[in-house]
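Remarks on the structure that follows.
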Amino acid sequence: MSAIWKYISDVLKGIWTLIQGMRITGYYFFRPRLIVTQQYPENRRTLEMFERFRGEVTMPHNENNEHRCTGCGICEISCPNGSIEIITATVLLPDGKKKRIIDKHIYHLGMCSLCNLCVKNCPSDAIVMAQTFEHAVWDRTQLTKVLNRPGSKIMEGVKE
Amino acid sequence: MAFSIYDFSTLTQSIHDGLSSRLSPTGTLAMEWAIVGIVILLFVAVFGLFLVYAERKVCAFFQQRLGPMRVGPWGLVQTIADFIKLLMKELIQPARADKFLYNLAPFIVIIVTFLAISVIPFAKGLQAFDFDIGVFFVTSITAVGVIGILLAGWSSNNKYSLIGAMRSGAQIISYELSVGLSLITIVIMAGTLQLSGIVEAQRAGWFIYRGHIPAIIAFFVFVIAGTAETNRGPFDLAEAESELTAGFHTEYSGIKFAFFFLAEYVNLFIVSAMATTVFLGGWMALHVGNLEGFNHVMDLLPPVFWFFIKVFFVIFLIMWFKWTFPRLRIDQILTLEWKFLLPINLFNIILMTVIVLLGWHF
Amino acid sequence: MQEAEPDRIETQEYLVNMGPQHPSTHGVLRLLLKLEGEIVHHVDPHIGYIHSGIEKMCESLTYPQIPYLTDRMDYLSAHMNEEVVCLCIENALGVEVPDRVKYIRTIFSELQRLASHQLWWCVMGMDLGALTTFFYGLRDREKILDIFEETCGARLTLHYSIPGGLMFDIHPNFQKRVHDFLNYFRKKLPEYDQLLTGNVIFQERTRGIGIFPKEAVINYGVTGPSGRASGFSCDVRKHLPYSAYPFVSFQEALDDRGDTLARYQVRIKEMWESMSIIEQLIDNIPEGDVQVKMKGVVKLPEGEYFQRVESARGDFGVFIISDGKKSPYRLKFRSPGFSNLSALHAMSKGWKIADLVAIMSSLDLVIPDIDR
Amino acid sequence: MSPEELNAHIQSLEPAAVVVMGKQFPEVMVPEDQLRYLARELKENPSTAFDYLICLTGADFDDHMKVIYHLESTVHRNILVLKTRTLSRINPVLPTVSDIWRTAEFHEREVFDLLGIRFKGHPDMRRLFLSDEWGFPLRKDYVDEVRIVDR
């Protein structure tokens, strides 16, 4: 007899656990305002990334088209992937001294793993991480960028 | 031409009369066949697509998602777009498949669903064939569907497909028993196998109410066994996504895959429609005791509407199962059937017989 | 000599290739199964589909460059991977990091463990056919990833620990967010139990499946929750405490049943423990620097250094042989998934295919961790 | 067992073994033909009971190749580093310990795959990650001009 009772109680207990699960899913079914889906391309306007989000490396310029990069090449050395290439040029200063300045700060976004080591190691805070995240392009050559703008020069007062 | 949405028999009768006045009896029959065929075809296509959409939305809401939203308002046209995509896709055939059986299998599966749908009474007079053995016909014809699944698995020349098909075979043949027995429980009460007769017998009250305890048990057994019959979660072992990738239809693509897909959803409808017809009073409106006013308001809704409300209720229940429970293992599925559902069912039949003999039902 | 039996039906082993693209091998694990009907007779894991030669790459990287690469191995416990390399380098150099760094590292490790276990939970449900768990787990994991993103700027490959400290200080919102998350998740975790753990189908699918005794677990080097479910006390946080673990009290989640359900429940217990560890630390983060001044070029003194941490999957170790140059001479990662995978055959032999899937997800394999 | 006792114990077991106190753990250098004996003793003797092989590493030192075993005792909770080496580069063979610690089965396959050291007695000595015709990438003389870009 006890076997029969055990059988029946097993069946009922099993059904009870099933109802417990259905209660959870049912709870969410009837509360559509708890939906967590973000409709990405539609919410582009309101979508905001965290300020530390690492999207890509950029070089901020001020309104006079000046940046802080001295062309020291520390970012190039610290990059584990070789995604930064520094091309420097030598200019003759008015006082006759030669000075090394940045010619092109080439950045291969396609090779970058966004590890932040270059930004961290930069002694003059010339490069920062931007919050952009839509990097898809039609041609991979477009992923190679020159970070210093044409005609830009170094800001006054940046230590070599 | 008299037409009422409360009784379709006048409409069908007038069509029959109109046709037979113009054509010979053979021509009339052929014409009626054609009409019925086209109507069922359209119904299966439209309703199947709608069910796919409904399932995606329902499952999304269970999972705190939105589901399809892009194509059309609230993604309403999504399944149509999917269907067009499936139509245009290339039909890939495995190199060493059994070509004939491989092509035959989806047709068997889909034809079975057409046949089963033909006896479902949507409303009074809205039924293609009103057999006097309707219940028996449905249970026997749905059993043929497993042949299609077995053939699909065997002929695909894919090991996953074969395992899926074998599982499906074992499972469906077992659960046939429970489906049949739980229907018989009600047949004992109704005293007829004719589906329209069963519905008419529920004019005084739905069987799930009139037959109280055994009818409720039979209803749940039927829903569980019906879910297993349609290979839906938690009994979706035949396709068991995480184990067998896609089970028996792994190798099917394009429209042939669409057939399996459509058949699955139409089978879901058939199970729900049977549950509605047999347990929930078919097209009968919801009546509560002697509340005349309430009952009268309920009667204003046309029977077809009532039928579909009930069907969607059962479909929703089955979807709720699928999106909540983990999948069973093959031996557990068979254990559930042979050690739990079958004894309960047999006991239930005896109980029902006793109740009917003693007149303890309502 | 074997005698021929003429009227016996010839049977063949049923060879099935499970993976490398298979829904339940989670990535690119390939299992060659020998079946008899539904019964699994032999499991032969074929790996290497995502082998990226990280150990070889590390030999040409400088020490500060290594942690970023380890994120890509076991991407679900990225912070622990960074931490082990940083700890190893710091120990070798004899650098003592400030307490603030230790506390933050520990909080991050525990958040990472929570995130990893949440993903494991939803994937476990999905493997067993309960697809809804997948979305509930990811919904909660998203909250942790937001915490990570706000402080580290990345969601998965954090690169937050660096030799000698942390990349940045924590974000001002960090503590509030963690508190919010803990309050939220304390309510959600019981739902996990109601939805999946208590479910009779789930219990039937996991109870007594893939039992692995304690001796075998030690012999196969199965560590982490999978090892502890068999009674192998292998929590590195307890036995060789590192970072801020000496300052907190927590229980090692142990079980002695050794079946799939035990492995499942140990992880659920660990989630509770992780939350309690975070709770103990989050309000007591000491003030101070988050970085020790390191030399421009980090060079480890000649010798061999071995460091272990408890990652979400088990005993994660790094072994560095240094020849005194700026990059390691040889670097080896002891990845927990690799050893856990080696036990898969012994665990799943004789069980059904469906059980193999359950056992595999209870081991919580992450393939890049195995392939490296 | 304290490190000193352990040293003495190992010396008494195997006089050919060289025991030094490393930076972190005691390190034992053992000739390859004595490896299996010592390993078995260390595991099965209850006073040492090194039953958990944490990590098995192969390393190439130009003139010889080393295999390093990190052992832990789950009873006494001490860690020991066992080392052995082979001088041959053409056909390096070492005895297997996969029957002593089953976890070594995969680790030895990995070492074979990446360094080309064969383990005698291993039940399934196939490559693990790479294809059969691949070189042995963790050897120091491995050159792959196609896939490795030097900077």
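Each chain carries a letter (A, B, C and D) given by its place in the written order, and its residues are counted from 1.
Note that contacts are C-beta pairs under 8 Å (C-beta built on N, C-alpha and C of every residue); 3 or more make two chains touch, one makes a residue touch a chain.
Everything numeric here is computed off the predicted structure, so don't read it as measured data.
Participant: Would you kindly count the fewest steps from chain C to chain D, each step being a jump to a chain that touches the current one?
Facilitator: 1
Participant: Hey, which chain ends up farthest from chain B, C-alpha centres compared?
Facilitator: If we average the C-alpha coordinates per chain, D ends up farthest from chain B.
Participant: Select, from A-B and B-C, the pair of chains that is joined by more C-beta pairs in contact.
Facilitator: B-C
Participant: Measure off the straight-line distance from the CA centroid of chain A to the CA centroid of chain B, and report it in whole Å.
Facilitator: 51
Participant: In angstrom, rounded to a whole number, how far apart do the mean CA points of chain B and chain C lie?
Facilitator: 45
Participant: When the centre of a chain is set as the mean of its C-alpha atoms, what distance in Å lies between chain A and chain C?
Facilitator: 25
Participant: Indicate the whole-number Å distance between the mean C-alpha point of chain A and the mean C-alpha point of chain D.
Facilitator: For chain A versus chain D, the centre distance works out to 41 Å.
Participant: Can you list every residue of chain A that touches 2 or more other chains, as numbers and ranges?
Facilitator: Answer for chain A, listing residues that touch two or more other chains: 18, 21, 24-25, 36.
Participant: What are the residue numbers in chain D that touch two or more other chains?
Facilitator: none
Participant: Where in chain B do residues touch two or more other chains at once?
Facilitator: Residues 62-65, 323-325 of chain B touch two or more partner chains.
Participant: How do the chains pair up in terms of touching? List each pair.
Facilitator: A-B, A-C, B-C, C-D
Participant: Flag every residue of chain C that touches chain A in the complex, lowest number first.
Facilitator: On the chain C side, the touching residues are 61, 64-65, 68-69, 72, 132, 139, 142, 146, 149-154, 157, 159, 162, 167-168, 171, 191, 194-196, 198-201, 203.
Participant: Along chain B, where are the residues that touch chain C in the complex?
Facilitator: Counting only chain B, the residues touching chain C are 59, 62-65, 159-160, 163, 167, 233-234, 236-237, 240-245, 323-332.
Participant: Which positions of chain A touch chain C when the two form their complex?
Facilitator: 13-14, 17-18, 20-21, 23-25, 36, 49-50, 52-54, 78, 80, 113-117, 120, 129
Participant: If we count contacts the way the header does, which residues on chain C are in touch with chain D in the complex?
Facilitator: Spelled out, the residues of chain C in touch with chain D are 47-48, 51, 53, 55-56, 92, 216, 218-222, 232-234, 239, 303-306, 308, 315, 317, 319, 321, 329-330, 332, 334, 338-339, 341-343, 346, 371.
Participant: In their shared complex, at which residues does chain C touch chain B?
Facilitator: The touching residues are 14-16, 22-24, 38, 125-132, 134-136, 139, 195-196, 199, 201-202, 204-205, 352-355, 357.
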